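Scrolling down, you'll hit the structures one after another.
Look for subunit A in each of the two complexes below; its partner is subunit B in the first and subunit C in the second.
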Partner chain A sequence: MDLYLAATNDSPEVDFKFSKHSLSMKGEAFPEDASKFYYPIVVALDQYLKSTDKQEINFDFNLTYFNSASTKMLFTIFQLLNQSASTHNRVIVNWHFDEEDDTIKEFGQEVAEDFPMLELFLIETSQA
Partner chain B sequence: MEKIESSNKAGLSEIEANFVAKSLMLKVDAISPENTNTEVSNYFRDNSGVIGLPVIENNKPIGLINRNIFMDSMARPFHAELYNRKSCISFMDKTPLVVPEDMSIQELSFKVVNSGSKTLNDGFIITDNEGIYLGIGTGEDLVRVVTNLQAEKNRLVMESINYASVIQKSFLRNSMEDLQSSLKEFYLHWEPRDKVGGDYYFCKKFDDGFFLALIDCTGHGVPGAFMTLIMSSFLDHVLIEKNKSDPAGLMQIMNKKVKDALGQHDNTEGLEGEAKYAKMLDKDGSDDGMDAAFIWVDLKNKNFTFSGAKTPLYTLNPGDTEVAIIDGDKKGVGYVDTPYEFEWTNKTSQFTEGMNIYMTTDGVIDQIGGSKNIAFGKKRYTANIIENSKKTMTEQKDLLLKEFYDYQGKQKRRDDVTIAAFKL
Partner chain C sequence: MEIDLFSTFHSEAEKKGVMFYYSGAFSQSVITTISDILKNRFDGHDFQSFNSRKVFSSFIEMVQNAMHYSPEAPEAGGEKIGAIAVGKSESGAFLLCANLIDKNYVERISKKLEAVNNMTIEEVKAAYKIQLRNENHHEEDDISKGAGLGLLTMARDSKSKIEYRFENVVGYEDRYAEIHLKTQF
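Let's turn to the complex of A and B:
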């Protein structure tokens, strides 16, 4: 089952098209209750990864802000993906950031270091 | 754990408990189906304030006659002649809202809203718990009480947060005084997002130097403030003459203390799949801690030792054109995913007089703003430092804050903000 959550004031758009092996998060993440927001996402992702083998999974990561509670939850997500990448699937993470946004860029570098099985590409975007 | 909130009758809950449907009750005469429409007309004529007239049978309400609907109906051609002598139930609303006297104002509000505009206009009938008619309440009174209740609750919450802010500030005062007596040139600026917050600074003066900590605890607002008080009392307790020059060691002690005190140990081992994530995202289990910069400055031997938990230190020597960044370790203090025995790293450097040292919590770096709505970032922060480094520390603070506020613009503040700097 695919998972789609529309963006709100404090949470990002989550578009996990499991059927197409295409995942995307976009926007900002600082939900008041982080556990409540991430729990269904993590559970759905876990179930999907368990039943998926020898696929190429693409994850478009396009967040411009996430607070510390979200950071912990995002790490859980990357941990799951990393695990899957080391055993069953190929996981490509497209880490989008604005050319001037060194904060998000550094974060991407950190994720690449901490989760070496992910094929993480830093993708600089420039907006007018 | 047993939920006790619902039976709690203190303070805020007490205010709610004091207001029930009965508080709104008007003792209005009721009539019975034996009464005629003529009698209803007379009643409305003699009691101009009454909008709804309840109809009861065997002391139990069966309907509510609305003044305007009744008058309009009776004013139609021949209606008076036709209905005058008939039972008053002809024009009554047979399904008015009926509530027991002890229903809470909140539940009553939901019921009134759900029953549509009819109830707001006509009012509702109040009975005892056996359903015996007692009186009526009006929509107007309900709106007034709900508004007052809300204002009173807000006032109480704001008052308690304002006072909490007084307490939190008074905890910061000692640190400020210790820093003042250690240094000539410095700034410390603490700006919680919600009056109180999870950011904190701590300073203790020793004979040969001072220890300064900039702390960013989990959360903001009241929960964040709770954490800062826990952290600062731990730190105050463990920081002594013997270990003042070992900030990394202090972080390790703090890490263990927080984990022990809050029971934050990695308990996901051996669990699989959903059970594992349920545990990880468990709302009852806390996962709190702090990011921090700890620095010991030895004024006698002219060196400093820094240890960082996901927080760097920024230094600038006179004449430098670039800010040097000393990175901290990547683990926060106390969090579930930080191992119990984790060791942070001490980084010691000699300093020459005139060196500037800067610290900030992530509230500045991560704030969204600017024309692209992206984070303020380290580049902007260090560029501001370079640009203003020859000015006094107070001027530097003002200029940094000005750029920060301008950058934030119309965006909401995302986090607590604390900045500190000093000249050696």
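Let's turn to the complex of A and C:
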């Protein structure tokens, strides 16, 4: 089943179209209770990955801000994707970041280093 | 407050570059409201001299920390209370945050702040990387409610050491203290 969460004041849009192997997160993430917000996302992703084989999964990562608690949970999400990429599926991550945002760029570089099975592309966007 | 005192308060705040000041309940809805105000203030001016993303990041970490750890204020009907100030300085910007803490935690928090303040920026980033990958944080630290990354994030974002002081809370000297934090950008 697909997972869709609309953006709120403090949480991003989460659009995991598992049926199309297309995942996207967009917006800002600083929910009051990070565990509560991410738990259903992690569970749904884990179930999807366990039942998916030999697919190309595309993840558009387009968060413009995430707090420290979110950072930890995002790391878990990439860990799951990396496991899947090293055994069952091909995982492509398009990591969007603003040209002036070193923090998000550096975090993308770290994710790429730590999870080498992900095909991660850093995509710089400039402010309009 | 008398009207002449308000004039003093207002002009002193202006002189010190204060762009925004809030005192009262800390809640998630207050955080999102202040976030919107700060973003508008940052957008509407020429803020090339500092990185507004880092101010915003530090603001979120400070206030969410306060929300997670502050005891309920004794005379505020169970609310978490505090104060926040954001302003411009000659070299960039500053952020100040005050909130109530349990007196028992003064030593614990001082130690954590001292440890972070004794690190170079490279050491802060290295400690952050280690903590991000630490899956035993909650076993190692049963007081912490988060990922153990909040102070490291503040230290990473601030161009100065994290300044801090503890103030007495009149009438509750034995139970509570107020912590004041300052970071710069």
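Here is the rule we use: the second predicted complex is superposed on the first by the 128 of 128 C-alpha atoms of A that agree within 3 Å, B and C clash if a C-alpha of one lies under 4 Å from a C-alpha of the other, contacts with A are read in each partner's own complex, and residues count from 1 in each chain.
Here is the rule we go by: a residue touches a chain if its C-beta (ideal position, glycine included) is under 8 Å from a C-beta of that chain, and two chains touch if they have at least 3 such contacts.
Here the structure is a predicted model, which means the values were calculated and not measured.
Superposed on subunit A, are subunit B and subunit C clashing or fitting side by side?
Subunit B and subunit C clash in the superposed model.
Output check: A:Asp101 vs subunit B and subunit C. Expected answer is one of first, second, both, neither. What do you get?
both
Thinking of the overlay built on chain A, is A:Asp46 touched by subunit B (first), by subunit C (second), by both, or by neither?
first
With the two complexes superposed on chain A, say which partner A:Lys72 touches: subunit B (first), subunit C (second), both, or neither.
In the superposed model, A:Lys72 contacts both subunit B and subunit C.
Which partner does A:Gln109 reach: the first (subunit B), the second (subunit C), both, or neither?
In the superposition, A:Gln109 touches no partner, neither subunit B nor subunit C.
Identify which of subunit B and subunit C touches the larger number of residues of subunit A.
Counting contacted residues of subunit A, the larger count belongs to B.
One more residue to check, A:Glu32. First (subunit B), second (subunit C), both or neither?
A:Glu32 contacts subunit C only, not subunit B.
Tell me the contact category for A:Thr87 with respect to subunit B and subunit C: first, second, both or neither.
A:Thr87 contacts neither subunit B nor subunit C.
Counting clashing C-alpha atoms after the superposition, which of 149-157, 239-247 or 275-283 on subunit B is the one that bumps into subunit C?
149-157
On subunit A, what residues does subunit B touch that subunit C touches as well?
In subunit A, positions 30, 65, 67-69, 72, 75, 100-101, 103, 110 sit in both the subunit B and subunit C interfaces.
Residues of subunit B touching subunit A in their complex?
216, 218-219, 273-274, 277-278, 280-283, 287, 291, 330, 335, 337, 362, 365-366, 368, 372-379, 414-415
For the complex, give me every residue of subunit A touching subunit B.
Its residues touching subunit B are 28, 30, 33, 35-36, 38-39, 42-43, 46-47, 50, 64-65, 67-69, 72-73, 75-76, 98, 100-104, 106, 110, 127.
Could you please specify the touching residues of subunit A with respect to subunit C in the complex?
It comes out as residues 9-10, 30-32, 34, 65, 67-69, 71-72, 75, 100-101, 103, 110, 114.
Quick check: in the complex, which residue numbers of subunit C touch subunit A?
28, 31-32, 35-36, 51, 53-54, 56-57, 60-61, 64, 67, 129, 132-133, 146-147, 149-150, 152-153, 156-157
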